[in-house]
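Common to both upcoming complexes is chain A, partnered first by chain B, then by chain C.
Right after this comes the complex of A and B.
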């Protein structure tokens, strides 16, 4: 797991209050206990704060799984 | 021909055979779309073309959006296409109300007079939401545009979900088209079981409760508080059995054809709080509003924290309310639910700690389910009364204990209600249980068939309360 993925995983562990949570690209809300529509926004906001980026509403609506979320996030970070 | 009409079962059987017999691929998809359209035209001969227009518009919207490059123009195009997709729904749903709001003798009112008589095309909400969801999904990139018009038509016109949902997503059905007409024993058996359960809920429970509710609600002012309370409680179980029953027949029909539709109800009267209720009641509608209205709104309002969340919830629920109809009673229904869901969500953790430390768990489960049921049932008065004024009158009568002799029967309706609660508890409990032995299962099926047949004979013999139309057909 890259440094980037570890940081994303730490955000997930913090938001869902589960220190053993392991993320993977195909992971979806239904695979994680407590990932409802309210926690979803908390997750997005925590990612925004941690990585100092901004998502658009359209991007957020288009995410189908953790992989797509990470790709979009990585695209916003300086190379 | 409604799903609870026995002729429907005959037609479903024939259609299932035809769909399985026709060669897989384009011919089978085309046949399914065509048969579905015939079914719809037979139900809705006057305005069936609205369905075809909305489906065609959604299909081309997807194609266009997939070709236009990113940018401001694409966003504006999307807004225009989405509006156009929802326009027929807005027109048919609210035109009659708009007419009644006009001054009675203005010129415009004369010109619009035909609008008061507009009949809502059956299922327009359900197929419009499917179409709009698809256009949004293509725009945000969560669903590639479907290029094959036959595949798209098979999804849009697919008759099991067409008349009253479950509200489907194209991205849920399109990948399943390969299973259409492919026989799978397990799926067929669970499909038949869903249809049997649905018929039981509709014919034995909902249609038995309906006349008692109608008798009180057709003239509420002639009744006392006891009658009003009973009829209101009966109505909660009636509308649940009616709509969950309908949904199960739709789900079962689709399974016979190889397609899995969205689960629409998960024992809502066992809900532990109001947000829980909305995750279990008309799930395909609440999840549609969650994904396409609430989440984008809440995301936009995320900087306002709790207030943003509460605002997004109230706005979404008011929309859910007026989706049911243009009256103030529906708007107030939405407003109350939005406010209560926001309150419940924001205070849940604290209340949960308080009650858990003081009340034993089994007692808490029952108390919470009862409280949630009573709150929702009280708001259903807004939904069942003829308008806001009448609803307010009923609230006053209930809370001041208006006097009156009880005229509403107890025995038959309470048996019907006990049957629903038993079914809900059984489903909840059976999820973790071993499958029942064959003799017990088949005794259950025979008992259900016997109940359905005897209820049908009774309904027909009481000519006034024949098999009733599904409540959600009018939305």
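Right after this comes the complex of A and C.
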């Protein structure tokens, strides 16, 4: 797992309050205990704060799985 | 769960949202914990808010039960006498109204000039309805003045803009609230403090009707909990302040009153402005008290006579300055002021003192001031420690009654956990020669130290270098570190061999570390160095000055025997054959013998 993926995973672990949570690209909300619409907002916000980025409304509404979320996030980070 | 690792009230506003929620989840209900039934009604999403408020109250020792009404049902819940709201029989009712919700209504409103009046009277009407059926504490959020600027700089002066409308609504609510006994939570301030560009996140409103970014919810609900708990009798009534590097820059005992930074320098200005903020608190009836490791007479002199001090002697309800432990001194202050420990805030720049007080009195708020004194005022605003009403005549009378007196505070109650606390500090002492790293600090101590200085011999830098090289001299200093940080060089000693005696030419210590067994440790190292010099006795002199009264009994306290007087100078000796090593909770590191 890359350093970037580890950082994303740490955010997931904090937000869903589960230190053993392992993320994978195909992972969706239904695979994670506690990933409801409320925690979805907390997740997006915590990713934004951690990585100092902003997701657009369209992006937030369009993510199908963790992989898409990470691709979008990575695209916003300085190379 | 370790109570000491739980955040105190002042910290809650700074927690990340998910951290607050996860801490709250870990708290279990305790027997006899006070219950609080809270109804939360909003025209914005309330789930994050409700979760965070529950966690905050749990962390503050209350057990909340929250009834969260359906989204945007404030009117129905309040107007229908058979609603869930009234069935729930709340002790607190919160009306969380969002400025974003006004936006659409205002845009569609035909009577823009009358909009402010109709919104505020509608809200006041709802208050009255709640009042007619319930004695609950009623909390109303005011509205964040929005960032729309249809008229540019004229926006605020045009009546038909949402900006000026919201300003007027907020004012009407304030006016009506005092009549109706409603508590206003100043959301507008919170948004301004944190920055409205970040607070009013349009995306979150559009996606989820979130009135603010969850990042700021801990701060907002902390203020809501302050408002609720004030009604339940909580509240800070006294601020206990340290002096050195908290009220002024510098250390009085080492730098002297004329070198303290108050007002005249950049740093001094920051301290002076902080004093003004504390004076404001005093004017509204919060008591101020001093707890300082200093000589009482010197402190009195600065408080009464220093021209740049804003806070003066008369502003303090108690002034306790001595070299005893601060926990016992705080017990003395508490006894004098007759307040519960949870009514105090303790402000001190020294990590050791904060940690001691937090351990000794978990109920007392012990916040961490920023490292830059220029940030102190902002710290006070963010922590919101002083939620309260204006001073009553009784408050002001109490202040006059408690005016600091010149008598020393008598310590009747002693804090007993000090030895345990010190033992767990993980103190480590490094015994160092006067090398090029240590010499500047040693020189400063030798040249400046007045109080914890047994002989007050002012060696020059050249003298010190010479002494360091002399084979019949043992010159060393001690650097002290603990788990809270590095205290730097805190002791300096020069021993001269004279036959079989080791004469203590110089013994200076930093007053800040008194009471931590460092004196005992220093004697132990002295005894060892004296033996290395081939001596059988340690001989110390106390040369009295106007400033070093604090150490007049140090030698007898350390087991030295009186061995005569030379004028006013008192001589003491310690037979090394009789000296017994004590058990001291400090790990000693010695340099290599050849160095």
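In the analysis below, the second predicted complex is superposed on the first by the 79 of 79 C-alpha atoms of A that agree within 3 Å, B and C clash if a C-alpha of one lies under 4 Å from a C-alpha of the other, contacts with A are read in each partner's own complex, and residues count from 1 in each chain.
Simple rule for what comes next: a contact is a pair of C-beta atoms (placed from the backbone, for glycine too) under 8 Å apart; a residue touches a chain by one contact, two chains touch by 3 or more.
Predicted, not measured: the structure shown is a model, and the values here were computed from it.
After overlaying the two complexes on the shared chain, residue contacts for A:45 are found with chain B and with chain C alike. When the shared chain is aligned, chain B and chain C each come close enough to touch A:37. When both complexes are overlaid on chain A, the residue A:71 reaches neither chain B nor chain C. Within the superposed three-chain model, A:62 lies in touch with chain B and out of touch with chain C [touch as defined at top].
In the superposition on chain A, the residues of chain A touched by chain B in one structure and by chain C in the other are 37-38, 41, 45, 57, 60-61. Across the complex, chain A is touched by residues 16-19, 21-22, 25, 47-48, 51, 203-204, 206-208, 210, 213-215 of chain C.
Put simply, chain A touches chain C in their complex at residues 14-15, 17, 37-38, 41-42, 45-46, 49, 55-57, 60-61. Here chain A touches chain B in the complex through residues 37-38, 40-41, 44-45, 57-64, going by the rule given at the top. For chain B in complex with chain A, the residues that touch the partner chain are 136, 139-142, 290-291, 294-296, 298-300, 302, 309, 345.
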